[in-house]
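In this document, chain identifiers A, B, C, D and E correspond to the written order of the chains, with residue numbering beginning at 1 in each.
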Amino acid sequence: MIAQNVVFWILAVAMVLAAIGVVRSNNLVHAALYLVVVLAGSAAQFILLAAEFVAWVQVLIYIGAVIILFLFGIMLTRAPMREDLALDNDQRLAAAVVSLFLLGVLSTLLIQAFGDSKIDITGPQGSELVNNGRAGTLAESIFSTYVLPFELVSILLLASLIGAVVLARRD
Amino acid sequence: MMNFAWLIPAIPVVSFALILFFGKKMPRQGSEIGIAAIASSFVLSCIVTVQWIQRVDETVSEHGLGIVRAIGKGLLANSEEGVAITPVINTVEWFRIGTLEVAVGTQIDGLAVMMLFVVTLISLLVHIYSTSYMHGDVRYTYFYAALSLFTASMLTLVVAPNTLQLLVGWELVGLCSFMLIGHWWEEKANTNAALKAFLTTRTGDIGLMIGVIVTFFAAGQTFDIVQINVLALEGHGGHTIWMVGASCLLVGIIGKSGQFPLHTWLPDAMAGPTPVSALIHAATMVVAGVYLGARMYGVFWQGFSIADGGVNPMALVGGITILIGAALAFVQDDIKKVLAYSTISQLGYMVMGLGIGAWVGAVFHLFTHAFFKALLFLGAGSIAYSGTHHSFDMKKDMGGLRKHMPVTFWTFIIGSFALAGIFPLAGFWSKDEILATAGQGGYEIFMVVGLVGAFLTAGYMTRCVWLSFFGEYRGHAHPHESPKPIIVPLIVLAVFSVLAGLANASAFGIEKFKEYIEPHGEAFPEVLTPQFDVGLAALSFAIVVIAIGVGGFFWVDRRELRALKGLTDRSGTAKAGHSFLMNKYYLDHLYERGIVGGIKGPIARAAYWLNQNVIDGVVNAAGRGSAALGRLTYRFVDQDVVDKAVNSIAQETGNVGGLLRYVQSGRVQRYALMLFGAVGVLALSLVIFS
Amino acid sequence: MNWFQDWALTLSIFLPAVGMVIILLIPRAKENAIKLVALLTSLVTLGVGIGILADFDYSNTGVMQFRVNDSWIDLIQARYHLGVDGISLPMLILSMLVTVLCIVYSWNHFPEPHNPKGLLALILLLEVGMNGTFLAEDLILFFVFFEIVLLPMFFMIGVWGGPNREYASIKFFLFTLFGSALMLLGFLALFFLAGTFQIPALTAKAGIDIAHNTQNLIFLGLFLGFAIKVPMFPFHTWLPDAHTEAPTVGSVLLAAVLLKLGAYGFIRIALPTLPHAAETWAPWIGLLAVVGIIYGALCCLAQTDMKRLIAFSSVSHMGFVMLGIATLTAFGINAAIFGMVAHGLITGMLFFVAGSVQHNYGTRELSRLGGLLTSAPKMGWILGFCVMASLGLPGLAGFWGEFPAVLSAYQPAPGLDVTTFRIFMVVAAVGTVLAAGYLLWMYQRVAFGTPKPEFAEAHIHDVSKIEWLAWSPMLIGIVVFGIYPEAIFGITNGAVMKLYGG
Amino acid sequence: MNPGWDFHALAPLIVIVITIVVVLFADFFFEYRGRFRTSQFATFGVLAAMVPVVTLAVDGGTRVMFGGAIVVDPYALTMQGFFLVATYITLLISVDYIGDGDYYQGEFYVLMLTSLLGMLVMTTARDMISIFVALETISIPTFVLAGWRKHDRKSNEASIKYYLIGVISSALMLYGMSLVFGLTGSTLLSEISTKVASIDEPLLIVAVFLTLVGFAFKVSAVPFHFWAPDTYEGAPTPVTAYLSVASKAGGFVALLTIVYFGFFDAPDTWQPVIWVLAAASMLLGNLAALRQTNIVRMLAYSSIAQGGFLLVPFAVAADGGAAKASFEAVIIYLLIYGAMNLGAFAVVITLARRTKSAEIESYAGLGSYAPWLALLMSAFMFSLAGVPPFAGWFAKFVMFRSVLEAGTPAATVLGVIAAVSSVIAFFYYARVAREMWFHSVREGADASPVQMPIALTFAMGVCGVIVLAVGVYPQAFAFLGDFAAGG
Amino acid sequence: MILAQFLVLAAVLFCIGVYGVLARRNGVLVLMSVELMLNAVNINLIAFSAYLRETSGQVFALFVITIAAAEVGVGLAIVLLIYRNISSPDLDQLDQMSG
């Protein structure tokens, strides 16, 4: 348990720092790379929580696709690949206040509600958990209960593709 | 015929419609329709009158009281076996509200037949008179239409068996009065007078209206006059409510019959054509108030406790009106104004008469006054028509007309004497009846008022006659006698002025009026029948004669002396004569400042000033004031408060709309900021408040 | 006549709608066809009205006749429920008649901008709403018809009105919309507490299951809705603006029929369904009524515009109607209904004449008018006649609305404070004098005297044939009802006794 | 593994999917000139989808599929019918707009149909995941559609604003949903509903609140409305019409579903939120609309305000016996709102083709040269204002009815706010009518008759007929409301 | 491990994302911040899924990931489009419409 906690905290600190990097970096590409750290950290956390399949999907889709998309976006908008002090707007302070306020409210309530709830990933329950995270289990769930949204997502992705192409196309 | 009395007002209604729609196409422009109609109504009225008299006679003889009747003295009313001579009432249902049925119809009794006779007769005479007087008028046809409508309305009022019908007639005669006063509406002054007349009487009508309402409920929800009178005399529901009712009705009387303090419209009403003044503003419409008093006598009897003597509002109003009317008549130069104030004063007699229990006297005075006052007005009209080129100014345009217009002069003299109360003319008997009742019924003070009034009446009439007919002609026309249509009515009226008084010449034991006109029965109180008082009669006669003498002396001498003075001036000043003249002048001064002057000068002038500036001022100011109040209300309350409140709400909402637009800055991240801010705040407050 | 019994009311509501549709389909250029269709439609509708008059059972005026009761909106239990009784019959006929006369009058009096198609279509639409309101026996149906009236009037004022028309039209609409919103809340509350929208059922229940305070609240909502429409002081400020700016026929319809919808609502809905609350509120209604009488009259005295003066006189006159209603007695309600009919005819006529005066002189400024009797004697006489009728001269219709209302205030329904109402009575009676004052004053300035120099040479048309045609029914009505009030009372009394006879 | 496919129940979805594919391929195969046919395929497909909806409705009953995640019941069918008709009318008013401009045609219809597909799924979804996916399926194509006028900066702006606010709203919603999932242990509404009442955690309130945020964005409830005016103004007008009607209705359907089938038994969690949203939307929407000079922007605020009115029944749904009445009220209001708002946009589009302006002032004198158009527009405006005999009155009526049915003080206050707001609203609706009828044509403006394309005319006519017919005979829609609420 | 530590981590990431959305002017960066928020949601879902032993949380997370990808695709397309038109990816230059 301790080991997992140590891993968690290391990952957590790294993720938070990287996240701050995403929103504070003065370099677009750096920001994107920080985002990779956050997303990869998340994937690691997922594994920590025995959500193996999701973790892989996270890595594949997020790091493999979304970040690439971002990098393309950065390139296509001809953003300078260097320090750019004009990346922030004039409402940083207000933004900070609002987000801290939100954080305060949320974390208070979260701790109040789940402060002493333990996640047990050892023993028989742990194996159930691991089983839950397997692709097969998830597939069973998706193709029984969530088949309609699944089909819908496919059409949505198609439509997004078409839409993105229409918008991004030079004409 | 009494069952068909409805024809009497109906005929003029038809005539009105006919004249209105076809008058202009008739050879004589509609006047013939009017005259024919009124003549038929008159004939029918006479028939009804005769039938009524027969009915009274029959009823009495049936009860074997013929002999007693011959002796008279009101035994019928007081008799144990008192016979109620019920009025002949014919009604049809008019409408129904709730459970109440309101009828319309005719009520024929002594009072009604008397009024029918007077109204139709005078109306007929005025119709005839007007064919000449109004000849060539721009609105000749319309004038006849209005006369017909007036007659119809007045007759409707007269025969009304219930207060509602009475109210209808009452208002309609007011309308006709308005139309006819404003007959020459091109002039602002005339229309002002018409408005004033209508509004003033309508102010009084508030009283009448409420009075009708109060008596309606006091008598257990009925408009029926007989029933109201009966219940009033019983004191049904207590005395107070009847007092309230009577007071309200009195206000109506004050407005319509030109009583103090709402009398000011009547002199102004002289702006109308003279025949109208004679018919409406002297003989008939203005006595509607008195008629109402007489008609609803039970209410007043109960409400003002007339039997108790002393002072009551009705008598007081009448008394004051006698004096102020007469005093004001002294200072008028316009002959019609003199007669108007005289009318006010005489109406005061009638109202006072009713107030002191002299029902017979008041109604009798109404009867006689109608003839001689109509006569005087028509006489004045005759003067203006043939003598002064349509002027009524005695000082500027008259004088010495007796030579040029003998018939007018003599009839006018008869009228004046009748008005002044010279024995044995009509006015003497009726006035005496009132005064006698006052003396014997516990209203001595009003007897004195009456006598003073008689004195003043004689005085101003002397002045009036003198200024018009004696001395030298001061006008610029070519005076001549009036044509026949004018003369004949004058003569007829003169005859009535002489003879009408004999109908109830109590001194000779003739009490026809009491016998036939006074109601008998439970709907009528036991009024006092005064004994003829020779002393009082002599006193009043003496007062009249003295007044004529004093007045005559003053004016006659003055005129003569002025002529003399001119003579001496021309002959070059004789000293002896001069001192005599001077003496005469001292005497003049004495008179002027003493007896006559005391009246004519300070008192009358003060009264006139008061009248014009205070009472009339109040009346006018009420009009102006309400207009001003209207403007204030409109400007500051309606436009500023009520309306602005509404508008500013609209404006404010608009402003808020503008303010809110700042939020919508157009920058998406500002939106997001507000969104997250709202989420945070909402989340926190939801958690806290739940 | 069974067929007629079943369809008469539906026809009288929807025939005008059919006419309107036909008019909308005719090209605008074919003016004569449009006019003809409009006239025919309104005449046929009036014919239906006459049929109802003929077929009406006068011995049972308290009973709803020609009843139609079909399903309409099942979800909310609102029904297509129509009926006519002695209270609604006179109002229905008035509305039908005035519509015909307005169309006749419009024949050659179309206001600018010239668009007969639009104006006539709106008049017919207005008739749909008016007739429907008087016939509805279901609260929701009533509400819908009550509201339908707004739109045509809004457009009539806004399109054909005077210089300040936009302001006036918006104000008119907002006031009445606000009122009806509250009224609708009242209706709904009634529904939830009494379980039905049917007026007869609600009347039969008379609010017995509803707590007194709740009744009072509901009544307040209804009161505001109706009082704004009447309009009672202090909700009247839309009226002078609307009247002043509206074209002639708009003013006539507004005065003759629209104002009656509110008072009718009181008589038909507010008082019978919530008698106890009515008792609580009656003194306040009475108070506002008499304040309105005096206030309206005072405002009249301050006017310089003929139409605006007549408009304020409506405030005053409707005060009498409301006073009669406030007494809650059969007498007062009868008087109120009579007053409504009389006011409809008389004030309608006054607006007609004012319209023709403006048509002739191009102004309604009293200071510029004068000598109408010289320039156009017939019109002058008609104006005088209407003035006399309006000031409540007995023998003309106005009196029978005014006097019995004042009379009924002497003894209001049991439970109401007698002293209060007697004070109202006296104040109202004073109002009659003020009425005479402002009306005669107006008449003096318009009709008496000689024409002002600026119009001395002008050719003033006297009453034209069209005008005679449009006016004479109203003039005759004023006289006939004045002389023979039973013509109205005879119809209303039975119905009023049934509702308020207790 | 039988997931419980019921092809009859899913037939409307299948038809739309087929249509999407057909349109997509048709776009490939037709020459540029023939592309307009894609619109015909699309409209035909939408109409075809109506058939199974009707047969299902006639068939009656409730079809539960996929472990309760998908349910086809009268409510779903009613709303499917609504979405199909609304989309059909939107397609009609798009045809000429899209055809005239140099826009991608086939893609436009594909995206619109995808969005429609999301709506259809939304009606049947009884599970948070399905609702989320359906909501995104409704939204994402419309993000793109809002920017369809690619070279118009306003359109770009419309798109990015809509997108960004949409995305962060969904993030908030997802966050909320994750918490709901954590607290209740399920994503199925049927299971959530059995548990919510017993959870006594303040976190639940925030969880539900955040969940509702996503829908609040969709229905542009204040303070999640910021995108709406700008997006409405900038987006191609047919898209705006679609956003203001179909897409908004999608949000309401989601709200109905999640409130009625999920959180209903824990009213403390959602009622206050919706109360605040409703009140704020009505007041702010109406007040802000007063100041608008651009008709589309005015309609945007108007639809925010209308959204507020639509939220009123939600806010009182759990009080007293108002549950059914509120449900019916929302459905009926939506149906009526759809007709009148689409109608209004159809007129705006018809006129914009001519005046090239969306300023209200450009409507001056319309009554004189295009009376029918002005008449229709007036009808839609007054209907939106809630004036009989147009359908809007009944929408407001059922709304007030639910308020009074609830009868609580909070409900009453909301009712009064609603009443006051509806009176304020009259100002700006009437302003359009005033401009059209009371004012004369502006100097230099073209006053020749307006050209009316068939599709637009038909769309306006349908909306006009509905607005008038339902206004006169509201039972037509009341019946549907009743049907949806389960009889 | 306790559940709350994951949840708080998620909350922190979420709020950092919020800050980024609010304070970044570059469109691409704003999109990245959104991804932070969505990622936080996923952490929540997975943590709850583990805590509750309920698969549906993970399914939910999968859908979130997929749709986030779709969103990013569209979002970047829009940013690109704007960039084409105004030659800048800055969001605060887009304030043509307001009020």
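The rule is short, and it goes like this: a residue touches a chain if its C-beta (ideal position, glycine included) is under 8 Å from a C-beta of that chain, and two chains touch if they have at least 3 such contacts.
Please read these numbers as outputs of a predicted model, since none were measured by experiment.
Farthest from subunit C, judged by the mean position of CA atoms in each chain, is A. Using mean Cα coordinates as chain centres, the one most removed from subunit E is B.
Of the two chain pairs considered here, C-D and B-E, the higher C-beta contact count falls to C-D. With centres set at the average Cα position, the gap from subunit B to subunit D is 79 Å. With each centre defined as the average position of its C-alpha atoms, the distance from subunit B to subunit C rounds to 39 Å. Averaging C-alpha coordinates per chain places the centre of subunit A 8 Å away from that of subunit E. Inter-chain spacing, taken between the CA centroids of subunit A and subunit C, is 71 Å.
For subunit B, the set of residues touching two or more other chains reads 650, 661, 664, 666, 668-669, 672-673, 676, 679, 683, 687. Looking at subunit E, one finds that residues 7, 14, 17-18, 21-23, 25, 27, 30, 47, 51, 54, 56, 59, 63, 67, 70-71, 74, 77-79, 81, 91-92, 94-99 touch two or more other chains. Annotation for subunit C: residues 174 touch two or more other chains. Here, these are the chain pairs in contact: A-B, A-D, A-E, B-C, B-D, B-E, C-D, D-E. Chain contact summary for the complex, subunit D toward subunit E: residues 128-129, 132-133, 136, 140, 143-144, 147, 150-151, 153-154, 156-161, 163-164, 167-168, 170-172, 174-175, 177-179, 181-182, 185-188, 229-230, 233-234, 291-292, 297.
Residue ranges of subunit B in contact with subunit A, taken from their complex: 669-670, 673, 676-677, 679-680, 683-684, 687. Against subunit C, in their complex, subunit B makes its touches with residues 93-100, 167-172, 175, 178, 182, 185-186, 188, 191-192, 195, 198-199, 202-203, 205-206, 209-210, 212-214, 216-217, 623, 626-627, 629-635, 637-638, 642-643, 646, 650. Residue ranges on subunit D touching subunit A, taken from their complex, read 1, 3, 10, 13, 17, 20, 24, 65-67, 69-70, 104, 107, 110-111, 114, 117-118, 121, 124-125, 127, 129-130, 132-134, 136-137, 140-141, 143-145, 147-148, 150, 159, 182-183, 188, 201-203, 206.
Considering their complex, residues 171, 174-175, 234, 236-237, 240, 295, 297-303, 329-331, 334-335, 371, 373-374, 388, 393-395, 399, 403-404, 406-407, 410-411, 425-426, 429-430, 432-434, 436-438, 440-441, 444, 447-450, 484-486, 489-490, 493, 496-497, 501 of subunit C touch subunit B.
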